[in-house]
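Each of the next two complexes has subunit A plus one more chain, namely subunit B in the first and subunit C in the second.
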Partner chain A sequence: MRSSLTAQLLIAVLGWGIALLMFFPIFWMVLTSFKTEGAAIATPPQLIFAPTLESYAEVQSRADYLSFAFNSIAVSVGGTVLALAFAIPGAYAMAFHPSTRTRGTLLWMLSTKMLPPVGVLVPIYLLFRGAGLLDTRIGLILIYGLMNLPIVVWMLFTFFKEMPNDILEAGRMDGAKAWGEVWYLLLPLTLPGVASTGLLSLILCWNEAFWSLNLTSSAAAPLTTFIASFSSPEGLFFAKLSAASTVAVAPILVFGWLSQRQLVRGLTFGAVK
Partner chain B sequence: MATLTLREIQKSYGSLSVIKNIDLEVADREFVVFVGPSGCGKSTLLRMIAGLEEISGGDLIIDGQRMNDIGPADRGLAMVFQSYALYPHMTVRQNMGFALRLARVPKAEREKKVAEAARILQLEPYLDRKPGQMSGGQRQRVAIGRAIVRNPKIFLFDEPLSNLDAALRGQMRIELARLHEELNATMIYVTHDQVEAMTMADKIVVLQAGVIEQVGTPLQLYHHPANLFVAGFIGSPRMNFLKGRVTGLDGTGLSVDLPSGARVALPVETATVGTGDAVTLGLRPEALRLDPQGPLGGTVRLVERLGGLTLIHVDLDRDGPVIVQIEGSDGTAPHQSVRLGVDPAAGQVFDGTGKALPHLVRHPLTH
Partner chain C sequence: MARNCPRALTVASLALMSGLIPAGAARADATLTVATVNNGDMVVMQKLSSEFEKQHPDIHLRWVVLEENVLRQRVTTDIATKAGQFDIVTVGNYEVPIWAKQGWLAPMEDLPASYDTADLLKPVRDALTYQDKLYALPFYAESAMTYYRTDLFDKAGLKMPDHPTYTQIREFADKLTDKTHQTYGMCLRGKPGWGENMAYVTSLVDTFGGQWFDMGWHAKLDTPEWHKAITYYSDILKQDGPPGATSNGFNENLALFAGGHCAMWIDATVASGMLYDKKQSQVSDKVGFAPMPVGDYAGGPTWLWSWNLGIPASSKQKPAAESFVAWATSKDYIKLVADKNGWVAVPPGTRQSTYDQPEYKKVAPFAGFVVNAINSANPTGSTKEPRPYLGAQFVAIPEFQGIGTQVGQTVAATLTGQMAVDAALKAAQSATDRAVKQAGYQK
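Showing the complex of A and B:
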């Protein structure tokens, strides 16, 4: 299909418009983090100002960024590894050895994402308290892994479905047991899909705030808690809040930028094959 | 030594039965071909032997041992898939050595076996390529190589040539026959192509709707088909079928009257039919010949000249269309009126249920 020049132009303008719209809050946040508190709340908002690093200095003096960042990395990676560890065998079983209940199981898994998390907050909190998991990284890894499990299973399931069954059967004839099929054939051949699933899970874990705010206080608190700690009862300090947010989202932004090719390739895996 | 016995093998999906009570013996070093139209259950049967499909009933016995509940890897079989099913991320060498790697065979021995298979299949120059960089015929050879390396008791082939073009298919047919000779292995081969079945098989198993219609050597099936289905399926061009009625029978055979009034006498057993019964006459294209004195008359509709053979399509007066195959090049033209003679030794008679009446004159090569 060849579209006319006007149509192409329209699509380009629309695309840029949406991109700028989505990027604007981040842009504004970064801008605000370099302002003084006074300039941050000035009306009308200032686009031109004398940049300062004082908010960043203040943020670092009030909280240890690196300890929060370490927690974020630990729980994101841990939660993703945990989710993948359960989802890979699960998705393999459902994609290649389906039973009459497979469809129902998949839909049921997805339906758990329709429940508002706050609905199970109290029972989870009590379970965590009883098990001594409050404010521990293990506790957050467990919650994050389980939280992302449905979406990770769904994504892996669709990627695995793209894989010709013949190849796995050939492996079975060659003597591969289920683990051999997964390890030597399925994972290497669906790696782009598995990688983009992992990346998405990492991003979701990194940005998660609800559970981390409710289940951690200091020892295991990730960067989302770090940001929240700057909205204090004495009032909002926008410049400091922006500085904290900027340093919290910077790693995942850089990470997303570097892996975007992989992400897009994975998400369009079936379509381009 | 590798023999295979199927005893009342069944397969059903819920209430749908796709393989119905199949009994079969495959002898050591035999090349057996399962042939039938698509959906007849031939691939399913092969996959049940391989262990990729569960067996719903009956016994699968390999070398005297019941194998129903043994996993595919431990049955000692190797399979070549229609799609080749090569591992795209591995080189040819790794593809062929994969089974040995899983079996923890030492590297040196693995290399030796892969090299040997590559030599047999003339794949040596390609060992370090990946499947994506190879042609269809080469990929097919790698798939066969992967099977050879395992030194299986039985080779299973699932329509291995159907993705190749006609010229390559002819070449691979010869190569597979040579391989069977060289490896001295038992092979089971599934195809819907009766030419592949005729040219390669020691024994053909004709399947239809999950049932064995006939088992026999290619020439037995060709010259003495058990029923209408086999008669129509084996042979190209197809056998001509003419409806008629039995008008006389004795110890030397029976005579059949066709709607046009033409009478054909054939030497078949008459125990199961009586005078007046409706029967179907089966005449191979080469059992008919142009003969001014012949009993059948008609008009030529079309002539196909293949050089060495000529196929004359004739619309018989009231008896239906037939194809006549004549050796050499023939000058008969369309719209011409012709008379056809019949070679009684090559004719078949099928009773009302489609079963062939046994021929009294057996073809010398079918004993």
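Showing the complex of A and C:
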């Protein structure tokens, strides 16, 4: 009894410790965003200070936040929809109609994530230039959809694998075609998994900075570009950068909180057999 | 009802996507995309650009503001692939001659007489000229100088000479260092990078009589001059510098000096306006200015940097772009900034007429030092032995970004004690020699 109490206490302390450690940078960023530039770089760091909205006003006056935020939403949602549109049929085929090459294909798909993106920057840039996709939301949606496709396929594949083949077979006996199987049986039953895959893809798209910085300039620039415009090699910028980052992560943070239950349910889906 | 769902979804997503194709590709008016760094003076330009749009209702501006290194990568990719995403780019005087030679920049050919190119400070103008044509117009320019704390000097009974030498500077630094009170005699750039520590180190080596290459493009780093310069640099930072100097670049040193932790700091002249600004600096009433110190060899090349506006050869709207570039670098623009934000906020270092303004001299006591430093800046000056390259705090070849950053890391290792000066210079020598050999400079 006594030892289990100590163990519980230890786990609680450890859990809180890790949570605080993860949360601290975000807390510090929000705190810094309310400081003046001078206070932001003060040594020793100040915990108590007179808060100011100066940096937020400056950020707002220098860039049109809403246009960047709209682009972020459009390309994240677009990229995720595109990836799911390809990955659902793909994962279905691999999970329920595997061939001898399925395993190899899956591993090969994952291996494409091992290439550093900068290695293909110039070829992709030239392709985009030729296709007129530079600085367009469609261009970013394509890149994001394809970039996340391997992960999305893998996650969906594992979720689909959990589903008993018998249910689909019963559907086929009743005359369902492949499309019907996926739409009426597979997706409703694996919805938590599909939803968490979508959420993860959405977050990955939201935070992607390399391609958005390189392939957009103004018309299709998302929030990552917005943040990048507030750091500077000349002059102080910590407070402004923190304010810009705070408003940039706020939507996805709120969205994450709202969908927390769904996300956890999806990620632990099928964990207990 | 439910049976139609897949089709409805497809239609909806198609509609969503087609709605996302951006407008603005084809317009009768000119829409210029301006790529710039986010330094203070450029931010002011972005804010004031509505005045330009008012004067030119048929020209619209779109802004891409990025941090220097991100911008450099972004713009270089675009210009090298001739993708034409940008109509106006912000480029340093390091890039201008290199890019002009590559045919990446359009020359400035139809400037109005009122632009008065003769008013541009000569060293700045020369740095942007390639084969007798201007390939970019200067937005602001800087040289380097010595900042010091007048109160600490007074307290220690020291006096900064009008033309300090590095020997004197070292004595001052030793006397002023008071580590228990977190006051450090000397702050210098230590963060590795061609534009960070190597900008300062290269100018230090210049005045100690060293150079990067001889006329046959053989690296000259493992020489007594470099040895002396790096030993000086490493010793003064280890003994009189702040802890963790290898993470300090321009900004970090600015913060340290503005927070009262440095007795002296040698860096770009652009810091003077920031140190003098009460909002940014706790020592604004105690800053003294002096020229850059000299070592054994006087009269070598001296620091000059300018941020300029250029027009990529791939721009499809060159006349409109040129009218904006001319506006943003004109006397009228400087006057406009003065009217809106005060004379102390005008972009420095480009025009003699700025320094002839009595109002400017009154609010900016450092103006005289800055204009002298820039006017006497001589990036093409001769090193002790003849050299095949130009530039004072950099080597004006495309490969220098890579070489400079690699040597910068080796030099930083001498500060942390990971490498001795001897070993560091030997390593830097062979790396540099290999790089220029591979690039085909050595015959």
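As a working rule, the second predicted complex is superposed on the first by the 264 of 273 C-alpha atoms of A that agree within 3 Å, B and C clash if a C-alpha of one lies under 4 Å from a C-alpha of the other, contacts with A are read in each partner's own complex, and residues count from 1 in each chain.
Note that a contact is a pair of C-beta atoms (placed from the backbone, for glycine too) under 8 Å apart; a residue touches a chain by one contact, two chains touch by 3 or more.
Quantities reported herein were computed from a predicted structural model and do not represent experimental measurements.
*Asks:* So if we stack both complexes on subunit A, do subunit B and subunit C clash, or do they fit?
*Replies:* Aligned on subunit A, subunit C fits beside subunit B.
*Asks:* Looking at A:Leu126, would you say it contacts subunit B, subunit C, both, or neither? Reply first, second, both or neither.
*Replies:* In the superposed model, A:Leu126 contacts subunit C only, not subunit B.
*Asks:* Can A:Phe24 be said to touch subunit B (first), subunit C (second), both, or neither?
*Replies:* In the superposed model, A:Phe24 contacts neither subunit B nor subunit C.
*Asks:* See if subunit A has more residues touched by subunit B or by subunit C, and give me that chain.
*Replies:* C
*Asks:* Based on the superposed arrangement, let me know which partner A:Arg137 touches: subunit B (first), subunit C (second), both, or neither?
*Replies:* Only subunit C; A:Arg137 stays clear of subunit B.
*Asks:* Classify the contacts of A:Met173 with the two partner chains as first (subunit B alone), second (subunit C alone), both, or neither.
*Replies:* In the superposition, A:Met173 contacts subunit B only.
*Asks:* With both complexes superposed on chain A, which partner does A:Trp16 reach: first (subunit B), second (subunit C), both or neither?
*Replies:* neither
*Asks:* Can A:Pro164 be said to touch subunit B (first), subunit C (second), both, or neither?
*Replies:* A:Pro164 sits against subunit B, while subunit C stays out of touch.
*Asks:* Looking at the overlay, does A:Leu185 come into contact with subunit B only (first), subunit C only (second), both, or neither?
*Replies:* The first partner, subunit B, only.
*Asks:* Once the two structures sit on chain A together, report how near the CA atoms of subunit B get to those of subunit C, whole Å.
*Replies:* In this superposition, no C-alpha atom of subunit B lies closer than 9 Å to one of subunit C.
*Asks:* Once the two structures are fitted together, what part of subunit A is touched by subunit B and by subunit C alike?
*Replies:* none
*Asks:* For subunit B, which residues are in contact with subunit A within the complex?
*Replies:* Residue positions touching the partner: 50-52, 71-73, 77-79, 81-83, 85-89, 98-99, 102-103, 146, 150.
*Asks:* For the complex, give me every residue of subunit A touching subunit C.
*Replies:* For subunit A paired with subunit C, touching residues are 36-38, 41-43, 61-63, 74, 78, 81, 85, 121-122, 125-126, 129, 132, 134-138, 141, 179, 183, 213-214, 217-221, 225, 228-237.
*Asks:* Quick check on the complex: what are the subunit A residues that touch subunit B?
*Replies:* Listed in rising order, the residues of subunit A that touch subunit B are 164, 166-167, 169-177, 180, 184-185, 188-189.
*Asks:* Touching residues of subunit C toward subunit A in the complex: what are they?
*Replies:* Subunit C reaches subunit A through residues 5-6, 13, 16-17, 20-22, 24-25, 33, 35, 37-40, 43, 46-47, 62-70, 73-74, 77-78, 81, 83, 85-86, 195, 249-251, 254-255, 258-259, 261, 268, 270, 274, 279-280, 282.
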